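There are structures below to look over.
What follows is a pair of complexes built around subunit A, which joins subunit B in one and subunit C in the other.
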Partner chain A sequence: MSGMVIQPVLLWSDALLFVLIAVIGALTLWARRQEALRAAWTRVARNGVAMAAATVLAVFVLIGLLDSLHYRARLEAQPGAAERYAVEVNSALDALLSDLRLRAEKTYSAPLATHLFAREALENSAQREFPRLKHGGAHLGENLSGHELDIAVRVSRGLGGGLVVWLLLVALVCRVNGLDLKAVMKVGACRPAKRNPRQTESGAATGAVLVTLLPILLLLGVAISLGGGYHVFGTDKVGQDVLYLSLKAIRTGLLIGTLTTLVMLPAAVLLGILAGYVGGWVDDVIQYLYTTLSSIPGVLLIAAAVLMMQVVIDTHPDWFATSAERADARLLALCLILGMTSWTGVARLLRGETLKLRELEFVQAAQAFGVGRFAIMRRHILPNLMHIVLISLVMDFSGLVLAEAVLSYVGVGVDPTTISFGTMINTARMELAREPMVWWSLLAAFSFMFALVLAANLFADAVRDAFDPRSSA
Partner chain B sequence: MLAYIIRRLLYAIPILIGVNLFTFALFFVVNTPDDMARMQLGVKRVTPEAIQKWKAERGYDKPLVWNAAAAGGAKLTDTIFFSKSVRMFAGDFGHADDGRDIAREIGARMGPSLAIALPTFVLGLFVAISFALLLVFFRATTLDFAGVVLCVAMMSISGLFYIIGGQWLVSKVWHLVPISGYSGGLDASKFLILPVIIGVVGGIGSSARWYRTIFLEEITRDYVRTARAKGLPERVVLFRHVLRNAMIPILTGVVVVIPTLFMGSLLTESFFGIPGLGSYTIDAINAQDFAVVRSMVFIGSVLYIVGLLLTDLSYTLADPRVRLQ
Partner chain C sequence: MSLLGVKDLSIHIGAARPVDGISFDIAAGECYALLGESGCGKSMTALGIMRLLPVAARVTGGTVAFEGGDLLALPESGMREVRGGGIGMIFQEPATSLNPVLTVGRQIVEALQLHAGLQGAAASARAAELLDQVGIPDPRRRLDAYPFQLSGGLRQRVMIAIALAGEPRLLIADEPTTALDVTIQAQVLDLLDDLRRSQGMALLLITHDLGVVARMADRVGVMYAGQLVEEAPRRQFFAQAAHPYSVRLFAALPDARRRGGRLATIPGSVPAADARHGGCRFVDRCSEVMPVCRSTLPPWREVDAAQRVRCFLPGAAPKPAAGAAGDVAALAVESRPLLEVTDLQVHFPIRRGILQRAVGAVRAVDGMSLQLMPGRTLALVGESGCGKTTAGKAMLQLLRPTAGSVRLEGVELTTRSAGELRPLRARMQMVFQDPFASLNPRLRIGDIIAEGMQALGAGAKAGGDAATRVGGLLEQVGLRPDMVSRYPHEFSGGQRQRIAIARALAVNPQLLICDEPTSALDVSVQAQILNLLSDLQRDLKLAYLFITHNIAVVDYLAHDVAVMYLGRVVERGSADEVLRQPRHPYTKALLAAVPRVDGTRSEVPKLVGDMPSPAHPPPGCHFHPRCPLADEACRRSYPAETLFGATHAVRCFKAA
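Our next item is the complex of A and B:
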């Protein structure tokens, strides 16, 4: 391994995330061959709002994936010594944002500020002054009169850059798809070339994606241009850039929203189908199991389980090599615990649907042909339940992202060292009583969370409408 | 009817036993009392004597389920399982870490919890149903679309934001009500009004959207077409026919939460400093007071099971077609 600049680190959550992506990829390939599924997904793709939401989600997922490629950097080689790697585990996103990550201030500073938020006694002055920031606005030097002008220039430069990139992208997409560029320039969205009805659908979806990309690219341009010289969302208590924290929190939110459902699905599907199809005492036992579990109030069950998990982790410090691994284990345990409380609803739904399917002709025909119980469940029942599984997966996502913030506030969420929306809000909450208020970390966390959850909700609605047989009537 | 209620009550017993066994396993088998003692005492003060003392103070120094050293029936009763878990059925929850009796504390804190949860529930139901009816009245118009978009947007905002934002706006900027606190009697209203409003606003998005779907489902029924055909104005159709019939799924859907109102709300109570059961639970979680958390889990389950029972009963009251055997 000599000569490697970095040592890749695969955390458990990364591995599960990649498994999840592989599963989604495999399911996509499978769904392409299924007529009904392809039709349903085409309905989703034709829905402009859904495609816009999907675009926003894709940006979040991209950030989350970049943040899941972990590594440990190599330390400066000492002659004669074996290669050593830093204890700190970083991700590809950290490397991309190393500017934001490393330019820490001393403590709070407001967005785009040049001075710290609180007065301090300076060395050569009797009065308490606002100390100058080390990095925020450092390029201005001593002359601060150009502060506003500099910000305005940077904003317009960022907007211009974003617009140029967007126009290039639009031109490229229209060229590739053979769409009419002139029409695009007129209305600001891709219009399909005339007399080409086959392209109407893909044109509508492309238009929605492109229109959504415009504000995203503009915001990105402004963030890059301003972020080069200032802290766009200010800094937090220990002086870390809030924009960097918000971007890091995305991965935690995505993980909790997806892995929770992933870890509970096998049990929920298996038990739900078994209870519905086999019936008898199996049904009684499974029903008893989920009625008992679901009768414990969710938050309390989670709180109790997390408290116990903390004791386990605290009494076995030797299990984890780095603090990142410990935080990761806690995150996974939280997903498991959340899954434990949420599988009951899915299992109940699947049981009910299986009861209905069991009486249908095709299942009875299979029974008459002497197909075995488990083969029927796997080949005839399970594929017909996939839409419920999918709908519950996308519907649960946004609720779980919101739940994370609440749980971290209650003190039973992720590890305090894990950057998440919940921990951001929780630390910012301490400063609410301060006068004037420290509002920026709260606002940043809430805005990012709102964008993520809103996009997920809109997308989930479209998926449910497309897949739920009742709603298509 | 009576036979049905009794049968349902009997059915609740195995579930409660299951909850009890589950919490016992979670609190005492996953971790031994020694682990809990070590964690609570902190690294510095962990000595075998300190652990023994900690366990003895809380009654955790007994065997888990079988006390071989005791005589006769005490073999079963002089154990952690009996003294901590079985006695919960008798309403004996033991003592919190600060030495107070948990059952008495719960009784005292139910009042403030209900004072917030009940108005929030009733007002929230009323506002959400009115809003949903309004949307249905203007269905398939821009107003309906805007209303649904508003609902989805409001659903996507974190509950913490409503509380923090509301406190900031109403109490800090407008200085209308105190930011937090509680007092008994009529004086309490000035402390209660803001948390109630925030609770109602925060819950409106998801519930109004749900009620709207129910109303829309109801509006395609035959009796609605009949009512319109005989010339009733849309207003009368909505209020006299659709609302009444839609109340069945709505009421039976919300009845289950009524008993759990006693538990209060974790977030609201802790942000507004209301001495109810929600803040009691949060404090216990933060102080890692296992006895209190265990008791709240048990009480929460009891209330939820009562809620399920009430749901079944409300079906018969709201819908004369349903007959229970």
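Our next item is the complex of A and C:
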């Protein structure tokens, strides 16, 4: 045997995502040395709700990152033939969930069902029956009377497993931090223990994280335990496991939410500060630009741009080696377009704040020293705007995740082969019109998106409170 | 039977105790002044009486008896009757205490409906009557005015009219004139005094200004760190203050008698509201401290029937040894002026319409000339809006002048580009008014001070590396060199102003333009900064252009004075000439309006009305609409400069 079992594939969006993570890491290291920033983040860390939200977000990010490690598997080849790799690009998450991914049914089946959702004409029977699923409940064999008992057993096994893992984790954390187990639990219940403040602080954060991890681990345990034998969230029209689809959609949502801001931010910050500080015709031009952009209906502008890009992609099929790369290009282009249309709000906000800062006396003191324009913008204006940038970043994230869903629903979003909350909701439109109704795709997409956006919003709230100079004064 | 009886009132905000057991009484028709520096709990006391405390604060003890009933026991609905009806309140900032989207009339009528039960025509008639009562001319028309159409003084009068609508028996005035100019302050204080006498209304006056207390109060309560430390009738208080803190407050006041000497300062600052005190609260700043002061809270001691003090010292506290008055240490007058400003004009165009065409100009500075000799202090005096700050910035070329010339050591500045100006910037620097806005909150102290040196390369010239120089500068302004790595928010107002001065000194300037450097500071801290400035002038031969509206400060430190009115200098000369023998009617009125600590009133008639807008200056002499001496000639043309002696110049036809 020679050559690797897999061939790593680095999609553009993966690369950008890893760059983003590296940048965030570097910023974190830098922020640790900035006293004001560290103090603000300490306030975030002391906020139980914020830490709980951060924990949920971290789980989503972990799934998204796993889903961003792409590879092509090596195909079974005749000895002597050249190495060949599959056309299909998979991710580490796909590998982890290969059970879910590969055990496709024929079409719709309800959550935890053992039969298909619709009657079909069976081979040796005149009647139309609900056919058995190929995988869902297959371990039960012909004896379906044990179905409910089996589910109950699996649920309790999952809960037990989750609880055990959590308890181990709690013990480990307490061991490492030298914290008293009881104190942590008390703090977790928002009752500050009377210990030295430093310990209480870290205790509060740890407590909130641990308390949040409990339901997450319990749900995870149940999902693993049930998923071994059933389709937890049912299957979709072509028989794909909906739980698998929902997990795959997380990466798309995260990418749209983060890469878009990455595209938008430099332009917004630069133009906003320039317009506010330099003023004059520069201000006029920038204002004209964003007033014009924001007066065109957003969806219309995005739809036009997406359709144009679609034409470009379709006329150059040779640019992309795999369909995954094509879908990825379209996802990136969508981020770009969303970024181009959404920088206006932040730029306007920063311009206004810069106008205010420009008149402050410390800026005039710098002018009295003959400090150059760009040095003043960098040293005196930008650092005093960072809290606004950060707040709008975090607040925009959830808005963008929702925007993706809306755009995909309208049909101008991501590539139809890309799994996203938007495409799931789009297909659910037809499913809800069926009789009897197929509700589980929508429910799954809704629950995941709700958890993601709610966590992001709660976190954004805490960040805003911590960084708002008025509330922290 | 007193009208208001506050007994052991305590207010807590979390661990902080801004008000910690204070008791005082106010009789009907009496004016009681609550005096103290910022952060002593004066305003919190007033809000506690009105039960308008911020959400986090709560009353933890004591009673507030008003006309016999306990206000703290009233239900909220009963309290609404008292607010406005029994007790009226006016606030410091007239700009924010009126609702900007409602007419003045609506806001007065609202109070009338609530407290007098008047409706419709009767209500607006009464509202006009009230406006008339507070001295607003043409009251019927003013009812339809919006707050932004009124000047600060008129707004404060409207606030008083609203407070009077419920015919309160007690008016709480929280720093009612702090945001106003002296001439307007004099008008408002007169009004309050007249109303009190004519309506028999009691007044609780909250202020930090000893001059206002001397002008208004019957009795004085001095507050320090949440407690009353002295209570006395006004006359006795000003004649013989008993508490060391009161004595030091007087000693810290700058005035002409202390020229050239050092002001007595109170070291340190007011303790934080959450500090715990074993004994007397003033103990860390007191020079007469005894062991017993640290362990036991001093009880009230009767000095005589009306005066009492919380201090263990027998008798009145001795006056601190202030530096003997001497000649103001001025350098020999050199022939060549350091700064020479001729016909300086700064106009801001007013743009209207789609094409933004200039339809007029705000003439903030409209032809001012002055000279500043090296090593001397020139005070630029005037009311807010007269263009002093704009002139200062235009001299530094922070604003480009519209016309005129500014020469620094004979070098013309106005025609130089930003790059050409840079080498000259090291010679002239500015100290700003608000120490909280003048330091970038995101930079360390060391970086703030080093900024100018980096920008101008002055660190290398001064010798030694930048870090040593920064340390040296901090010591020079009375801070510790190890503070370089701290952030501005860790410092008090006075310390921040020291840092701002150190920043300006870093580039070795010869000229320092100080724009109201002490107006945001308390009296005791102001004295520290003024002492520092005069030390620096002595050691470094600095010239100061001191922009201020505080006549007492001018009297204390200026060698020369220029009085500005509506963009022009109306009178200039040496401090003695301008302040002792003022010739311009505006200067006379300005000096007369300053409330004096000794309580004497001057005979000069007070100014009426406000300063006109610099967008539409009156024709002829700008001052004629407010001038008691104005005649036809004044309305026709602007007077030329008349010289009295070598240095004293006045722009007035009537000056003689």
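Going forward, the second predicted complex is superposed on the first by the 453 of 473 C-alpha atoms of A that agree within 3 Å, B and C clash if a C-alpha of one lies under 4 Å from a C-alpha of the other, contacts with A are read in each partner's own complex, and residues count from 1 in each chain.
As a convention for this text, a contact is a pair of C-beta atoms (placed from the backbone, for glycine too) under 8 Å apart; a residue touches a chain by one contact, two chains touch by 3 or more.
Source: prediction; values computed, not measured.
Legend: residue contacts after superposition of the two complexes on their common chain; A:450 is shown touching subunit B, with no touch to subunit C.
Shared-chain residue A:425: touches subunit B; no touch with subunit C. Contact with subunit C, but none with subunit B, is seen for A:362 once the two complexes are overlaid on the shared chain.
Measured by the number of subunit A residues touched, the leading partner among subunit B and subunit C is B. Contact with subunit B, but none with subunit C, is seen for A:315 once the two complexes are overlaid on the shared chain. Contacts of subunit A with subunit B, set against its contacts with subunit C after fitting on chain A, share not one residue. Contacts from subunit A toward subunit C in the complex involve residues 35-36, 360-362, 364-372, 375, 379-380, 383-384.
Note for the complex: subunit C touches subunit A at residues 393, 396, 398, 418, 421-422, 425, 428-430, 432-434, 437-443, 448, 451-452, 455-456, 487, 500, 503-504, 507.
Against subunit B, in their complex, subunit A makes its touches with residues 288, 291-293, 295-297, 299-301, 303-305, 307-308, 310-312, 314-315, 398, 402, 405-406, 409-412, 421, 425, 429, 432, 437, 442, 446, 449-450, 453-454, 457-458, 461.
If you check the complex, the residues on subunit B that touch subunit A are 14-15, 18-19, 22-23, 26-27, 30-31, 35-36, 38-39, 152-153, 155-161, 164, 167-168, 172, 260, 263, 266-267, 281-282, 285-286, 288, 290, 293-294, 296-297, 300-301, 304-305, 308.
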